[in-house]
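Take a look at the following structure, please.
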Amino acid sequence: MIKPLGDRVVIEVVAGDMKTASGIVLPDSAKEKPQEGKVLAVGTGKVLDNGQRVALDVKVGDKVIFSKYAGTEVKAQGQDYLIVSERDILAIVE
Amino acid sequence: MIKPLGDRVVIEVVAGDMKTASGIVLPDSAKEKPQEGKVLAVGTGKVLDNGQRVALDVKVGDKVIFSKYAGTEVKAQGQDYLIVSERDILAIVE
Amino acid sequence: MIKPLGDRVVIEVVAGDMKTASGIVLPDSAKEKPQEGKVLAVGTGKVLDNGQRVALDVKVGDKVIFSKYAGTEVKAQGQDYLIVSERDILAIVE
Amino acid sequence: MIKPLGDRVVIEVVAGDMKTASGIVLPDSAKEKPQEGKVLAVGTGKVLDNGQRVALDVKVGDKVIFSKYAGTEVKAQGQDYLIVSERDILAIVE
Amino acid sequence: MIKPLGDRVVIEVVAGDMKTASGIVLPDSAKEKPQEGKVLAVGTGKVLDNGQRVALDVKVGDKVIFSKYAGTEVKAQGQDYLIVSERDILAIVE
Amino acid sequence: MIKPLGDRVVIEVVAGDMKTASGIVLPDSAKEKPQEGKVLAVGTGKVLDNGQRVALDVKVGDKVIFSKYAGTEVKAQGQDYLIVSERDILAIVE
Amino acid sequence: MIKPLGDRVVIEVVAGDMKTASGIVLPDSAKEKPQEGKVLAVGTGKVLDNGQRVALDVKVGDKVIFSKYAGTEVKAQGQDYLIVSERDILAIVE
């Protein structure tokens, strides 16, 4: 298992067709490109300048939209995972 | 539904004619270009360095002017949405 | 009405002749170019890192000098307005 | 009258000969070029991240040396004034 | 022995085949390239702006994934070590 | 007299031969070039984000080594002075 | 004697052969290049934003590895010294 550090999140990328069950279609020609995925693991949170650790807003199982060019790709058992900072996650799709 | 994270806001972009009911016309030749839209969803706010979370100044239903080149475009049911940081929203049109 | 957010200010730009009633002439060849205008609306202030909101130093009706290339232009009823951050306002002309 | 905002200062620039009564000559070939002037007005000070406002170290009447390329030029009654941030003022000449 | 300072970590790099016992394969064509290794030593932590020292999240023996281009290479007894900041470590592999 | 502001220091530059009484020779071919001088005047210190003013570590009369390209040159009575920030002073030579 | 300011450290550079008694060999072809040396003097520490001064983690006599291109070179009695910020010191070699 991959346990991300700090405010990082491990995401299972939604490959192929960008039209999801939620009916949201992510455009491939527009502005900054987002991408969808599912949260597999979350870090313990970022430490603020006052020493306080802030838990993440996303949790395991969340469907999220994130900036397409963010993060670092990791491959396991033929599946692409992405490790991104929570600040690169734009929204949760419910 | 799209639930934005942190200080992000989901906006329904006002397409076509830039002259709105409020009588404000947004120029297309001038300086930095703004754009109008309606707030559909707001995040839970940004976490400050002291750990305090600051609620957003805009709320669902607000008509807002935002910087035209800000944010990430998301498409759903043929409609364009934009996810922007509140800091890219210039003003509320009342 | 336009209600600016945070530390932003809506300014009615003084067009045409740059020589104002206050006798201050703004040069058009020198260094960084300033411009004059009248404050029409002010935001509720910027939130500091300690969560405190700081009210603006300018108020509605103030004549101000601001950096010419700052802000975002908005047009309404044939009049140009400018939305600028208070940090781009250099001085109040009394 | 021009009332500068925050940590800004209005300076009456010493034009022409750079040799002043204080006997200090500012070179025109060396490194970063400074310039002399007299403080005409000072702002109410910068607001720190803890909300505290810090009064300026310079006061009206001070002769100051400032970085030549700093600030914004304003002209009034044929006289050049400069609006600069206090952080661009290097020293007071006594 | 090498005792890293602050938030730095000494890593024994996993050379050769990137497929590890954990079954995670690190791609060599994708985006930002990560790399695996084992933590040999950790610093005493970074000092925050409030003077508090924050212990590291990784400990000696952890298998970690880090950004491939991060850090400084050190060679000892024919083995490559890497000294990296903890912020360049993406995740712990368990 | 020149009274520097904040964390600035007025330095009498040691011209000509870089070998000083302390036996330290400053190289003119190496890396970042330092230079020696004597402190003539110091500012009242920098104001921190918590409003506290921090007195300088150097005092009048100290022989200091500073980065050669730092600061602003001021000339008085045929002598070169330099106004530099204390952060550009590397060390005191005792 | 050279007394470094703030978080600076004076280092006696280990010249010539990079293989030291500790058996650590520093490569000259790899990535960011480190270098070894001995600490001769340390500053009184950096002042944090809350006014607290943080003592250095290295002490006189420590053998340290630092980034090769960091710091300012100073020559005394035919010997090269380097003045570097503690943040450019990667590790202590024990």
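We call the chains A, B, C, D, E, F and G, going by the order they appear; numbering starts again at 1 in every chain.
By our rule, contacts are C-beta pairs under 8 Å (C-beta built on N, C-alpha and C of every residue); 3 or more make two chains touch, one makes a residue touch a chain.
Note that the coordinates shown come from a computational prediction; the quantities given were computed from them, not determined experimentally.
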From chain D, how many touching-chain steps at minimum until you land on chain E?
3
At the place where copies chain C and chain D touch, is the share of residue numbers found on both sides over half (same) or under half (different)?
different
Can you check how far apart chain A and chain E are, centre to centre, with Cα atoms defining each centre and the answer in Å?
22
With chain centres defined as C-alpha means, what is the inter-centre distance between chain A and chain G in Å?
40
For chain D, give me the residues that contact two or more of the other chains.
49-50
What graph shape do the protein chains here make by touch: line, ring, star, complete or other?
ring
Which order do the chains take around the ring when read from chain C towards chain D?
C, D, F, G, E, A, B
For the chain D and chain F complex, residues of the former touching the latter:
22-27, 30-34, 48-50, 52, 54, 57-58, 65, 67, 86-87, 89-94
Where on chain D does chain C make contact in their complex?
1-6, 8, 10, 44, 47, 49-51, 69, 71-77, 80, 83
